[in-house]
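Following are the structures in question.
You will see subunit A twice below: alongside subunit B first, and alongside subunit C after that.
This part shows the complex of A and B:
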């Protein structure tokens, strides 16, 4: 009997664990280690953050789902990986520290035959002074929609802002990224447009100034270097459409910004041209930069080998080409295909946890040397597809031995469908529905745009909102492993 | 208020484009959006199939 240990139960980890268990059956063991007791459909946190959904609408308890699937669930956080075992034993293991199941604070060693690191991001609020609380959590100056609890708090704060606006007090809202190296601009994009939508519904929009601030070099970059779409006979940059949406909604923007300090009611920033500025606010939702989960790694002798397995940001090295090279020499082939760790062949990483070879957007620095560019998104559909490919590979390795063919899911060869909400409502809602192919541009295969414009498109409308709402229910159904869950694609 | 008035609010807005009343109406026109719903789903299914 082989044991697969999956660290993390987000989109990537949950997909890996559930498919691996389904394919392996009861002859092998699948263990999931995650510090959270609840699964969260993160894309709908946006609606929780404006009061359009409750926390209960976007989460469910993991334990009964894993019990039904025959998956061993440990509510704990992974602390360290020991891929060579320890003195007296060659069996690799991870150390974990329990956060629930009445074992809080207890540590345990869990041995494995195969390990998948799908820990997702650490929300690195403390990277920006004043954004964090100094203890790894969010500070009191801004709000976030990165977790369901954060979104509930954001909704309560936003409600107060709207009440003040109703009383005639002019309010300033700032939404975007809280550091020069953030990713997930899409979530902030959704949130700012949902705030606009709710403010209009509440009749307070005229008394609320809404402003965007982000590390993107241009609006519509989204950490992917933007995208070109075929629209009405033209091939058009996403910048044109993003600027149009912001102009239409009277939302001015500050771009190329590294937010370097937050005080109560004030954000300080540096721009790509080296100039600095500050922006006052009554309410701000600024996405933090992401880091790896912060696990350590040790060899058999107990020597620290963390830097061999993880990059300085805490993301795990896999089969990508990590040789530093200038932007002009970046290739689609640099991106990992199998997500197998380069040193330990029984370790894989999926989702945000794997180290990208480089960013996707064109790198940029201010004259002061401050890097200001989005880091690559690897959430949602790519995370699910990678998680499933990794599960497939490990199942084949277990069943067919170490010579089994590994399944591939390069982000430079896969597309992504994305629906970005711009307001909730059965007949008045809107969302930008987009597909992009491939996620990482391949300028050799698709000269000029880097992507296939036959399969890269986007449009905004009510249909997009319907799709996003249906996907909300569909993916929660799938994650709960309800009948037909395997038929729903990642 | 017409969204075209936003052009005058700052220089970046002024270089942008905004939808006409017709384009804005079509975004929430239930009949047209039902057609778009079908079309977008088909496009997404093609991309999803190409990606697996």
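This part shows the complex of A and C:
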């Protein structure tokens, strides 16, 4: 009997664990280690953040789902990896610290035959002074929609802002990224447009100034270097697509911005041209930069090998090409295909946890040397596809031995569908529905745009909102492993 | 004139384009949006098919 340990139960980890268990059956063991007791459909947090959904609509308890599936669930956070075992034993293990199940604070060593690191991001609020509370959590100056609880708090704060606006007090809202190296601009994009939509519905839009601030070099970069897509028969840059939407909704923007300090009601920033500025606000939602989960790694002798397994940001090295090279020499082939750790072949990383070989957008620095560019998104559909491919590889390795073939899911050969909400409502809602192929541009294969414009398409309308709402229910159905869950694509 | 055209007074917005009355109506026309939903679903299935086609297996190292 082999044991697969999956660290993390987000989109990637949950997909890996559930498919691996289904394919392996009861002859092998699947253990999931996650500090959270609840599964969260994160794409809908933006609706919680504007009061359009409750926390209960976007989360469910993991324990009963894993019990039904025969998966061993440990509510704990992974602390360290020991891929060579320890003195007296060659069996690799992870050290975990419980956060629930009435074992809070207790540590345990869990041995494994195969390990998947799908820990997702650590929300690194403290990277920007004033954005965090100095203890790893969010500070009191801004709000976030990164977790369901954060989104509930954001909704309460936003409600107060709307009430003040109703009383005739002019309010300033600032939404975007809280650091020069953030990713996940898409979530902030959705949130700002949902705030606009709700302000219109509440009849307070004329009394609310809404402004965007982000580290993108141009609006519509989204950490993917932007894209050219078919819109109404034209091939259009995502820059025009995004700028047009912001113009229509009267949302001005500050771009190429590294937010370097937050005070109560004020954000300080540095721009790509080296100039600095500050923006006052009554309400701000700024996405924090992401870091790896912060696990350590040790060899058999107990020596620290963290830098061998993880990059400085805490993301795990896999089979990508990590040799430093200039932007002009970046290739689609640099991106990992199997997500197998380069040193320990029984360790894989999936979703945000794997180290990208480089960013996707063109790197940029201010004259002061401050890097200001989005880091690559690895969430949503790519996370699920990677998680499933990793599960497939490990199942084949367990069933067929070390000669088994590994399954590929390169982001440079992967298409994705993305629906970005711009307002919620059965008949009044809107969303930008997009398909993109490939996620990582391949300028050798598609000179000019880097992507296949036959498959890269975008449109805004009510249909997009319906699709996002249907996907909300579909993916929660899938994550709960309800009948037919395997038929729902990632 | 639609009220959003006033936004062009801000020089930052000058190079963008905004939908006119017809396009805005179509964005919320139930029948048209049902058609677009089917269209987007077909597009998405196309992406899934491409992903399946690109699935490969590599020899384990």
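Everything below uses one rule, namely that the second predicted complex is superposed on the first by the 488 of 490 C-alpha atoms of A that agree within 3 Å, B and C clash if a C-alpha of one lies under 4 Å from a C-alpha of the other, contacts with A are read in each partner's own complex, and residues count from 1 in each chain.
Convention: a contact is a pair of C-beta atoms (placed from the backbone, for glycine too) under 8 Å apart; a residue touches a chain by one contact, two chains touch by 3 or more.
Everything numeric here is computed off the predicted structure, so don't read it as measured data.
By the touch criterion defined above, A:96 reaches neither subunit B nor subunit C. Contacts of A:199 after superposition: neither subunit B nor subunit C is touched.
In the superposition on chain A, no contact is made by A:309 with either subunit B or subunit C. In the superposition on chain A, A:433 makes contact with both subunit B and subunit C. After overlaying the two complexes on the shared chain, residue contacts for A:338 are found with subunit C alone; subunit B is out of touch. Of the two partner chains, neither subunit B nor subunit C is touched by A:293. Looking at the shared chain after the overlay, A:416 reaches both subunit B and subunit C. The larger set of touched subunit A residues comes from C, when the choice is between subunit B and subunit C. When the shared chain is aligned, subunit C comes close enough to touch A:404, but subunit B does not. Taken together, the two complexes place residues 240, 243-244, 246-248, 250, 252-253, 385, 414-417, 427-428, 430, 433, 435, 437, 455, 457, 459-464, 466-467, 489 of subunit A in contact with subunit B and also with subunit C. Touching subunit A in their complex are the following residues of subunit C: 4, 7-8, 10, 12-13, 15-19, 26-30, 33-34, 36-37, 40-41, 43-44, 46-48, 50-51, 54-61. Residues 240, 243-244, 246-248, 250, 252-253, 381, 385, 388, 414-417, 427-428, 430, 433, 435-437, 455, 457, 459-464, 466-467, 489-490 of subunit A are the ones that touch subunit B when the two sit in their complex.
Contacts from subunit B toward subunit A in the complex involve residues 3, 6-7, 9-10, 12-13, 15-19, 26-30, 33-34, 36-37, 40-41, 43-44, 46-48, 50-52. Those residues of subunit A that touch subunit C in the complex are listed here as 240, 243-244, 246-250, 252-253, 337-338, 340, 345, 385, 389, 397, 402-409, 413-417, 427-428, 430, 433, 435, 437, 455, 457, 459-464, 466-467, 489.
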